[in-house]
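Same chain, two partners: subunit A is paired with subunit B first, then with subunit C.
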Partner chain A sequence: MISVPVILSVMFLGGVLAWLANRFVPKGASWTAAIIAAFAGYLVFALPSCGGEYSLALGSITLVWKSTNYSALFAMLVAVLGFLGILYSMDFMAGKKNLGYYYMNFLFALGAMLGIVYSQDLVSLFFFWEVMTWSSFMLVIYSGEEKSHKAGIKYFAYSAIGAYLILSAIVILYAQSNSFLLSENIKMFSGMSLGTQIMVISFLALGFGVKSAMMPLHVWAPEAYKESPSGFTAVFSGALSKMGIFGLGLVIFKFAANTEIFGYVRETLAWLGGLTAMLATFYAVIQSDAKKLLAYSSIGQLGYIIVGLALGTPLGIMAALFLTIMHGAFKAMLFMTAGAVYMRTGTTSLNDVSGLITKMPLTFLTALFGIISVSGIPPLGGFISKWMLYQALLETNHYFLIIVIFIASTAAFLYLYRFIFSFFLGQKEKEVEHVKEVPWSMLVPMMFLTLFVLFAGLFPGVILDPIGKAMGYLGNFKASWEPQVVFSAWGEKINMQVIAGTIGTIFILGALFIGYKNKKATRVVSTKDIHTAGEIPTENENLTYAVNFNQPFERAIAPILKWSVDKLFNLLGENLESTFEYLRYVYTGNGQTYAMYVILMVVILILFSGSIFGIHL
Partner chain B sequence: MDSSTWIKILGYIITPITAFVVGVTYGGIVRVITARVQNRFGPPITQNFWDIIKLYSKKTAVHHGLMQHWGPIFAITASVTSLFFIPVLKDSPLWLNNSFNGDIIFLLYMMVFGSLGMALGAGQTGNPNSAIGVARGLALMVGYEVPFVLALVAIMIQFKTTSIAELMAVQDGFSNWLIFQSPFAFIAAILAFLGMMHYAPFDVTFAPAEIASGPASEFGGKYLALMQTSGSIFTFAKLVLFTDIFLGGAGDLVTLIVKTFLLYMIPVLTGIVNPRYRTEQAITFFWKWPTVFGIIAILIVVL
Partner chain C sequence: MEFSPVLYIAIPLFAAFLIPLLGKVSKTLVKLTPGIVFLYLSYGSILLFPKAMEKPIVQVVAGFKPPFGISLYYGATAAFLITMVTIVGFVIWLYSYKFIIREPIEKYYMLFMMLITGSTGILLTGDMFNMFVFLEITSIAAYSLTAFLRDKDGAEAAFKYLLIGSFSSTFYLLSVMIIYSYTGTLNFADIAGKIDLIPPMAKGFVLVLVLVGMGIEAEMFPLNGWAPDAYSQAPSPVGAVFGGIVVKAGLYAMIRIVFLFFKTPEVMQFLIFMGILTLLIAEMAAMRQHQIKRMLAFSSIGQMGLVIIALGIGTMGSTSAALFQMFNHALIKSLLFFAAGYLVFHSGSKQIEDLEGLGYDKPVTSFFFAVGALAIIGLPPFSGFWSKLLILVSVAKAGDIAILLLILTGSVIEAIYYLRAVVKLYTRKEVPDNVRRTPISGLVAMGVLAAIILYVGLYPGVIEKWLAPAANNLLNAADYIKAGLF
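Right after this comes the complex of A and B.
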C-alpha cells in the first residue's frame, strides 16, 4: 500500500543514501539519486490522486498527510521535473566537488516540495516549507564563490521574511480555531473577524508571494537562479517556485473565497501579477546573462499564473494551472539549454558565445521549441494557456489588465529571440570550434520536454483532465474542453487539430519546395561569406551583433527602467542600518537597564491587558 | 466525398492564389504610385510578377545552414495559415476555410509566427544587418501592438466575441460598420496598421539605405521569391482582417478589392511623403496618441 509517508521517506532517506554513496563509490551519488528520484516519481504517479491518507498524533498536534486532486497535480510536476533535473545533473555535475552534498540537498528539496503539497495541516506545511528553503539555499551557495554567497543570503533573507509571515498567519489561525488542521481552519475561517481575515490572507499571500517571486518580492530570484547549478535551476524555476502558486491557490480559493474581501484580494493579486509580468519582461529584455534573462522571464511567467488564479473564473484557473505545468516544462528546457551551453563554453553571457547551432543541433532544437512555447505561438502548449488567459481576462472585464499582459507577452519575443540568437545563431567564431553536443543523459530530459510541449499543444485535453480535477478541489469550477478543442465562456473555441494540421501541411509543402533539388545545388558557406556591400571581411574581423542587442527598445522604455525595486530595498536597508545604530542606545548591555525594561513591560501589559489588534491574548 | 468537401478543398487552393495575385498587383501599383509622386515614370504594374517568376527560376548557390532554409518556410506557413483562419468573403462556403476554428487572439499570435521564423532564418546567416533589423522589428512590434490590442479589446468587449465571423455578422448595413460604431478604435487600429505594414515612417526593420534590407539581405533566388510571395499574401491577409473587422467585410470579390485597396492606400500614401523614424521614436509614437485613442475607445464602451 503506497501512502504519503512512504514517498517522503524514500526521498529523505534517499537523500542521506546519496550522500553516503558519494563517500564510498565514485559516481555513486548521481546513480543513487537518479534511481531514488525515479522510484519516488513512480510512487507519486501510483499514489491514488485522492487518498493515501496518513495521520500522526504528536501530543496535542495531529499531522495529516493526504493526496488530493490539487496536490496530485503539483506532485506530478515535482516528480517529473525532479527526476529529469537529476538525470540532467548526472553528466552536468560530473567531476565537480561535493556531489553528495548536491544530491542530498536536491532530494531533500524534492521531498520537501512533495511534503508541502501533501500536507493537510499547517504544522507540517510550515515544516516542509522551511526544509525546502534550507535545501534550496544550500544549492544556491553550492559553488562556494563570493557571488553565490551573496545571492544565497539575499534568497534566504527574503525566504525568511516569507516564512515568518506564514508562521504568524498560522499562529493567528491557531489562536482562533485551536486547530492546526487545514480543513478545520478553512471551515472556521469565514466566522473569524474581518481584521483577522485581512491579516491572515495578506500574511499568507505575501509569504507565498515571496516564493513565487511576485513583484515587489522578486529581488532574490535573478541572482539565486543564476548562481544555482543549472540542473537544479530547472527544478527551482519549474517546480519550486510553483509552491508559491500552490499556496496562493489555497489562499485565494480556500481562505479568501468565503470572506467579504474576496473581490479585493483577487483584484490586488491580479494587478500585482500583471505588473509583475510586464516589468519582469522589460527587465528580461535588458539582461545580458542568459540565466538572469531566464530568471526574469520566469518571474514574468509566474505573474501570468497569478493573474489567471486571481481572476477566479473556471477558464482563468484552468489557464493558470495549465501554464503552471507548461512553464515547468519550457522553463526547465531553457535553463537546461543554458546549462548545456555553460558546460561546453564555460559562460552564460549572451555577449560572449554565438553560432552554436551546427555544434549543438539538438540543444538548439530544445531551445527553439522552448522559445516558441514561451512566446505562446501556436501550435505548441504555451499558446493554449495564453489563449485561455486572454479569454478569461475578457470575460471578467479586465480591459486594462489585458493590455498589460499583451505588452508583456509581445515584449517577451525580444528577450526570447535574443536568447536563441546570441547562443545559437549569428556569427560562428573560432572560439566555439571545439564545442561538441552535450552527452545523452542531458539530451534525454531536454528531448523529453520538447516532445511534451509539442504533445501538450496537439492534445491539450489530456493535460486538462487532471487540471479539471484539481479545479474541483479548489471549488465548484466547471470548464469545457475536448481532447483537441478548448472552449471559452463566450462560446469561442480553438481547434488545435485544425490549427496544427494546417501549419504542418503548409510547412511540409514549403519544405518540399525548398528542398527540391536543393541539396546538391547549394553548398554551406561560413558566416563570414555574407553580403557586406563589397567589403570582404577578414578572418578575424568581429561581425557579431550581440552587445546591447535590444538597445532600441531599451531606449524606448528607459523612463520605466529608472525605477528599480532592488534599489529601493537597498536604500531602505541603508536607512534601517542607521536606525539600528540608534537602537544601541536602548540595548546598552547594562543589566540594570534591562531589568528596568522588564518592569516597564509588565506595567504596560497590566495597563493594556485588553487586546492587541482585536485579538485576545 | 460530397460537394461541400470539394468546395472546401477548392477554397484552400483558390484563397492563397487570389491573395497572391491581389497582393502582388497591389505591390506593382504601389511602385507606380511611388514613382509618380517622385516625378518618375515607374515600372509597369506587372513588374512584381515578373520579378517573382524570375526569382523562382533562379538557382541558389550558397546557404548558411538549416535555419536559413526554414526561415522562408516559416514565413509562408504563417501567412497562408493566417489567411485560412480569416473569413475572406461573407457567408461564402468557398472562402471561409478554417475561420470557425480560430479567433482574433489566435490570429494575433499566428501573425507573429512568420516574423519570428524569418528572424531565426535571418539570424543564422550571421549578417549583422539582419540581426539589427530583427531587433528593430521586434521592438517596433511591441510598439504598435499596444494601440492595436487596445482597439481590438474595445471591440471584443463591446460585442462580447472574439470571433471574426461574428463581428462581421453584427455589421449588417453601411451604418453599422465598426468604423462608425467605434471610430476611436478604428483610429487607434489604423495608426497601428501604419507600423504593421512597415512603410515609412516605420520602415526601420528593412530600411534599405541604412541596413541593406535587414533580415532579407542574405536571401536570394527562390528563398527571396518565397519571402515575397509570403509578404504579398500576408499583406492581403492583414487587409482582409481589417476590412472584416472595421469595414463590414465584403460579400463579393469586387467590393473586397475596393475596400482593401482604399485601406492599403493609407499606409502607402503616408509612407511616400515621410522620412524614417528612429526605432525608439517609432515605438514611443505608438505609445502616445494611438494609445490614447485606444484607451478612449475602451472607455466609451465601458462607460
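Right after this comes the complex of A and C.
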C-alpha cells in the first residue's frame, strides 16, 4: 500500500542507509541514494493524488499527512529533480570525501520537502521545514572551506529568522483556533480579528519569502547556491526554493483570500515580486561567477512566480505554477551545466574559460536550451509561462508592473548570453585543449531536462493538467486546456505546434540562407590577439574574451546597485554584534562586581517592591 | 525492603561516606560505587514513579507527623525531576569513569555523591529549613568540585561561586527565619496555609530574599555572575552537573516557594520579565565568547531564562512545557559539555578558534557535539524542538506576542553561535596526528544521551504524558497543602 508515511520513511531511512553504505562499500552511497531516490520517485507518482489521510500521534500533537492535488504537483517536482540531482552527483561527486554525509543530507532534504508538501497540519509543516533547512545547510557547508561556512551560517541565520516567523504565525493561529490542522485554521481564519489576520499573513509571507528569496530577503541565496555542490544546487534552486512558493500559495489563497485585506496582500506581493525580478536581473548581469549569476537569475525567476501568484487570476496562477515547474527544469539544467564546466575546468568563473563548444557539445546544447527557456523565447516551455504572465498582467491592468517585468525580461538576455558566450563560445583557450565531455550519468539528467522543456513547449497541456487540478485545490479556479494549446485572456487559442513549426522553419531557412550566403566569403584563419591594440599586456592581466562583458550596462545601472540591502543587513549584523560585545562586559569576571549586582538587585527590589510586586514595605 | 523516597537521599549520602573508605581498598571500587548507586536509584524510580504520578507519597522522617517533623514530599514534580537527575547523574558517572584520571579520584566521587544527595534533597524535602541544609550540602560540594583541578583559574572561579553562593544561602536562611517567626512552622504545606499570618511588609521581604537567594542558584540575571566561570573552569563533567542538576534543583526550590506562597500576577509578571532579560543578555553574551565552555555556560543561562519565562506564564501548558524544557536541557547540555570536554582535551585549548579540523580528526565526538547543538537550537527531529514549541504555544495562548518574538530573537542568536562553533569543527585543516582517542566510556555516555534526545524527539509522547501530573503538582497549591498535611 503506497502512502505518505511509506514515502517519507523510504527517504529518511534511505538517507541513513546511504550513509551506512558508504562505510562498507566503495561507491555504495551513490548507488544506494540513486536507487532510493528512484524508488521514492516512483512512489510519489504512484500515490493517488487525493489519497486518504494518515495521522501520527506524537503526545498531545498529532501530525496529519495527505496528498492533495496541490501537493502532488510540488511532490512530483521534488521527486523528479531529486532523482536527477542524485544521478548527476554520482559522477560529479565521484572521488570526493564524505559521500555518505552528502547523500544522507541530500535524501533528508528531499524527504523533508515531501513532508512539507504532504503536511496537513502546521506542526508537521514546520517540523519538516526545519529538517529541510538544516539538511540543506549541511550541504552548503559540505566543502569545509571557510567561504562555504560563511555562506552556510548566513543561509541558516536568514532561514532561522524566516522559520521562526512562520512558527510565530503557527502558534498565534493555534492560540485562536486550538488546532494545528491546516483545514481548521483556514476555516476559522476569516473569523479572527483584523490584527491577528495582518500579523499571521505578514509573518507567514515573510517566512516563506525568505525561502523563495524574495527581495529584500534574498541575501543568503547567491552565496549559498554558489557554495553548495552543483548536483544539489540544481535541487536547491529548482525545488527547495519552491517550498517558499508552495507556502506563499497557501498564504494568499487559503488564508488571505477570505479577509478584507486580500487586495493589499496581493498588490504588495505583486510589487515585491516585480521588483525582485527586476533588481535580481540587474545583479545577475554584473556577476562574473556562473553560479552566482544563475543564483540571481533564480531569485529573479521566483520573483516572476510571486507576481503571477499575487495577481490571483486563474491565468496568473497558472502562469506562476507553470513557471514553477519550468524553472525547476531549466534552472536545474543551467546549474548542471555550470557544474559540468566546473568538473572539467575547475572553475565557475566566467572570466577564465571559453570556447568549450567543441569540447562539450552536449553540455552546450543543454545550456542553449536552458537559456532559451529562461528568456521565454518560443517554442520552449519558458515561453508559455511568460506569455500567460503578460496576459494576466494585462488582464488585471497592472501596466506599471508590466514595464518592470519587461525591463527584467530584456535585461535577462544580457546575462544569459554572457553565460553561454563566456563558457562555450569565444576564442578557445589553450587551457581547455584537454577538456572532455562529461560522463553519461551527468549527461542523462541534462538531456532529459532538455527534452522536457522542449516537450513542455510543444505540449503545454500535459503539464497544465496537474496544474489545473492544483488550482482547484487553491480555490474555485476553473481553468481549461488542451494538449497543444495555450489560452489567452480573451479566449483565443494559440496552437503551440504551429508556433514551434513556424519558428523551426524560420530557423532552418535562416541557417540555410546564412550558410549559403556566407559560404563563399568564409575563410578559415588562425585567431590573432589584436584586441590589446599593440600594447603588451602584463602577465596578470586576464585576456579571456568575456572579461567585463557587460561593462556598459554595468555602468548604466551602477547608481541603482550602490544601494545594497546585503550591505545594509551586514552592517546591521556587525553593529548588533559589537553591541553584544559591550553587553558581554556586564560579566566583568570580577567577583566583587557580581556581589554588587546581587546587593543592587536586593536594594532595587525592596525599594520598588510596591510597583513590582504590589507589596508596600 | 520496600523502596522509600528517603533512600534517594540516604543512599548517595551513605555512598559519599563509604567512598573514602573504599579508596583504601581499591580505586576500581571507588569508581564503580556511584554507578551502582545510580542503578539502584533508577530501580527505585521505576518502582515509585508511577505511584507518585497518581498520588504524592509523603514520608515522615523520625516519626513526628507533619507539621512538626521533617517530611519528604515525593510528588509528581519531584518524581519527574529526580528521575531526570538520576539519568543525568548516571551518564555523568559513566563519562567521568575515564575522564577524571587526576587524583584524588575518591574525593571527586565523594563530592559528586554529596552533590546528588543535596540536589535530590532539595527536590524531595517538604520542610523549609531542611531545604536550607540540602542547599548548603549542594553548594559546598559544588564549590569544591569547581576547584577540583586545583589550578589558579579553578580556585578563582570557586571563590567567586563561594562569594555569590554565600549570599544565596544567607538570604534564604533569613527568609526562613522571618517565616518561622510569624508562622511558627517550617513545613511547606503548613506555611502555605498560614501565609496570611505574616504581615505584608515581612512578606515582601521574604519574597525579595527568596527571589534573590534562589535566583542566584537558578542563574537569574543579574545574579548569575558566578555561572560562566564555574562552568568553564570546573572539569567538563562538572559543567554537566551544574547545568543538569544543581541549577535545576535551585530553580525548583524557587518556583516551589513562589508558587506556594506568592503566586500573584505581579510576581509572575516579574518572573517573565527577569526570564526575558536573562535569556536575551545571556544569548548575546554567548555569541561573543571565544571559549567553548564559556559559550556553553552562557547558553545554559539563556535556557534557564527560557524556563523561567515559561514558569512565569503560569498556565498548565506553560508549566509542563517548562518542565519538558528542563528535562531536555539537562540532557542536551550534558551532551554538549561531554563532547566539549573531549574536544578541549584533544585540541589542548579552550578556544573555539583552535577546534578547527577536529570534525575530521575526531569524527564521533564532533558528531555528538553537532547533534547537541542542533538539539539545543530546537531543530527537529530532536527533543529540544518539542519543548520549545510547547513553550511558544503556551506563550501565544497567554496572548503576549511581544514575549513570543523576544524568545525567538534569542533563539536566532543561539542558532548562529552554535552553528559557528559546529562549522569551526568542520573546517578543513591539517590537524597534527593525535593518537589520543575519546575513551569508550565517554562515547557510550554521549551515545546514550544522543539516543535519548533523538528518541524523545521522535516520540515526545513518552515524556509528555508525565508532564501534566508534574505540572499540576507544581501549580496546584491546594493539592500540595492537602497532601502535605495528610
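Rule of thumb we're sticking to: the second predicted complex is superposed on the first by the 535 of 617 C-alpha atoms of A that agree within 3 Å, B and C clash if a C-alpha of one lies under 4 Å from a C-alpha of the other, contacts with A are read in each partner's own complex, and residues count from 1 in each chain.
Assume a residue touches a chain if its C-beta (ideal position, glycine included) is under 8 Å from a C-beta of that chain, and two chains touch if they have at least 3 such contacts.
Note that the coordinates shown come from a computational prediction; the quantities given were computed from them, not determined experimentally.
Asks: Per the contact definition in the header, classify A:Met199: touching subunit B only (first), subunit C only (second), both, or neither.
Replies: second
Asks: Classify the contacts of A:Phe127 with the two partner chains as first (subunit B alone), second (subunit C alone), both, or neither.
Replies: second
Asks: Looking at A:Pro26 after the superposition, I want to know if it touches subunit B, subunit C, both of them or none. Which is it: first, second, both, neither?
Replies: Once the two structures are laid over each other on A, A:Pro26 reaches no partner at all.
Asks: Determine, under the contact definition given at the top, whether A:Leu414 touches first (subunit B), second (subunit C), both, or neither.
Replies: A:Leu414 sits against subunit B, while subunit C stays out of touch.
Asks: Of the partners subunit B and subunit C, which touch A:Ile506 in the superposed model: first, second, both, neither?
Replies: First partner only, subunit B.
Asks: In the overlaid three-chain picture, which partner chain does A:Gly95 touch, first (subunit B) or second (subunit C), both, or neither?
Replies: Once the two structures are laid over each other on A, A:Gly95 reaches no partner at all.
Asks: Which subunit A residues come up in both lists, the one for subunit B and the one for subunit C?
Replies: In subunit A, no position sits in both the subunit B and subunit C interfaces.
Asks: Would you tell me which residues of subunit C are touching subunit A in their complex?
Replies: 156, 159-160, 163-164, 167, 171, 200-201, 203-205, 207-209, 211-212, 215-216, 222-223, 225-226, 228-229, 262, 264, 266-267, 270, 281, 284-285, 287-289, 360, 374, 379-381, 385-386, 389, 392-393, 395-397, 399, 401, 404-405, 408, 411-413, 415-416, 419-420, 423-424, 426-428, 458-461, 463-465
Asks: Residue numbers of subunit B touching subunit A in their complex, please.
Replies: Per the touch definition, subunit B meets subunit A at residues 59-67, 69-70, 72-74, 76-77, 80-81, 84-85, 98, 101-103, 105-106, 109-110, 112-113, 116, 119-120, 123-129, 131-132, 134-136, 138-139, 141-143, 145-146, 149-150, 153-154, 156-157, 160-163, 204, 212, 217-218, 222-223, 226, 278-280, 283-284, 287, 298, 302.
Asks: Can you tell me which positions in subunit A touch subunit C when the two form their complex?
Replies: Spelled out, the residues of subunit A in touch with subunit C are 57-61, 123, 126-128, 130-131, 133-134, 137, 141, 143-146, 149, 152-153, 156-157, 160-161, 164-165, 167-168, 171-172, 174-175, 199, 577, 579-581, 583-584, 586-589, 591, 593-595, 597-598, 600-602, 605-606, 609, 612-617.
Asks: For the complex, which residues does subunit A have touching subunit B?
Replies: 355, 357-358, 361, 368, 372, 375-378, 383, 386-387, 390-391, 394, 397, 399-400, 402-403, 406-407, 410-411, 413-414, 417-418, 420-421, 425-428, 488, 490, 492-495, 498-499, 502-503, 506-507, 510-511, 513-515, 518, 521-525, 527-533, 543-545, 549-553, 555-556
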